[in-house]
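By written order: A, B and C. Residues from 1 in each chain.
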């Protein structure tokens, strides 16, 4: 059973190939839970940086040819070293380029975690979905099917984030029913979850760890939401404050699984 | 007459070619008024992304050759599709490169909106101005002339932001006299206005819509300023909080036009 | 003796070659103390932008070949013009590429300030240190030696930031003993200090100015910390608020030198 205490004790280094919009939020989220973020920007240091890291998180939110090459190089090193690789297929339905880029990376790199919203994971699972850039779920039977299908397809853990988070290893499906509507208002909360998932899988590459990742952010949101009614931007500030203080005791008390 | 309710009801998708400093603020501003931001980073997805978008916002704040090519490609698609193109000539007076890059884009792309500060728009209007990077206005007769000249030159709407915002379609000139001095302290508030202008013109490509854009941000600043005396960074957090709640009733009550 | 009032009166323009994670924080920090930030992204405008600037700050946090070329070009212009050049060797121990890139820039550009944490400056000084990405100090005798050695090596001012900040010109060593533990929790505070150091050296290129830079941020942290116990993200918001208000009187009253 992974705990947030273990993350703080081990302080895993999370290597990020980030998009250009949210890297500050992602690096802060990783830092505030007690892990340590590094970003990289040149394929020539892929081997060195993987060598000191405990997980690799690939965000395809602003992927160009360079990013694809970096992702493949670092992903292969990470696979060789045996550290988890997490991928986020940001808005994959929005362009052919995103689909091509994802396919190129998926062909060369074995993923340990895939994190996306309902629209993105439905696209990967080849299941009909009314996606348009960013999209929320509207049928929770379907969400289970989608999440399970993605996990099976890539033989890894998948995490579908939304009003309810759904996590699967291809066989079991777990819901994290905590959360807060203001996550959807702030840009980058999914990317933050990618980083937190990286830290959790770095400590233990298991379904339980992915459930912990979703719980950490969702429960921090519930706690933050108690003091931030009608101030949705201050909400995210308070989420960061809460992440730093969040204890396993709080997680165990507040966690609503399904 | 455009309203903030229309933006929230239609939730237009705003495609951004952003600078590297402020994309998080810009994406959040677009999201908090109820529109939906996308950033793009590779010319190969220009057509696909314009296809799902309702406006294109080009920020030339960190423009290199790649950005210029992307801006031209996406701008041409946007012109063909008939969605508004907004351009921000960031610090155009600061380097020959910025002037050359702007000219390249302007030659190929028809703009629907130009947004800048007094120094930037004075440069475009070829009117004498004491600009140095970032610059505020010091004579409001001149500001009218500058704004009108830019609108005429590009046959579009121009929005000069400053202590007072000035908006023109080349014939009429409107002032939005709301605002707050702390906007000048925080980096990226002009870029946020670019995104809000994109959302407003996406709903209705008119002078009134541009006036609404300036009013939304300026009035959110006035409201935020009431509770953030001497805390200018918290001011911007509160601006975001306020943007999310801002109603057309509040806008109508507080709007000071001239 | 440099003062924060001088920074506000002169409002020096600080040209930044930034990493991709923290540019918003860096630009805001520069702005909030009364200086003026510019970022640049294309080597072709190096000469023009140096021409209007009063200091150049090179952050090597996400340096690729392009960044190295830009840094050399802008650095040479800055040397010619006689404005201070500050360099931050971010995580230099983490990869051979970072060491090669730093060496390339150091070969062509004369630095006036080097700013890093204990691990980074120990690496430059070729002194044994247990660094791993980000690292804090654990022996203050060593920190003096490291800081002095870096200053001697590059014949400039070095600023080692940590629990205690150590500043040296190669002969004298000064400690700034102000600060707050929450700086280490937030990503980018070192980068913010780079920018503040740029503003201080722009006003006066001296050891005293570097001591002022460290004092400004550390004292703002102490003041912010008084009202932000257990809310380490809100702490940084409050640091920005405080930077805007910070007076030379407060600095003189609170400054703890050693």
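The criterion applied here is as follows: contacts are C-beta pairs under 8 Å (C-beta built on N, C-alpha and C of every residue); 3 or more make two chains touch, one makes a residue touch a chain.
Predicted model, so just to flag it, every value in this text is computed and none were measured.
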item: Copies chain C and chain A - interface residue numbers shared by over half, same or different; value: different
item: Rotation angle (°) superposing Cα atoms of chain A on chain B, nearest 5; value: 120
item: For chain A paired with chain C, centre-to-centre distance based on mean C-alpha positions, whole Å; value: 32
item: Touching two or more other chains - residues of chain B; value: 20, 24, 237
item: Chain B-facing residues of chain C, complex; value: 13, 18, 20, 23-24, 27-28, 31-32, 36-42, 44-45, 48-49, 52, 237-238, 240-241, 244-245
item: For the chain A and chain B complex, residues of the former touching the latter; value: 19-22, 24-25, 61-65, 67, 91, 94-98, 132-134, 185-188, 230-234, 237
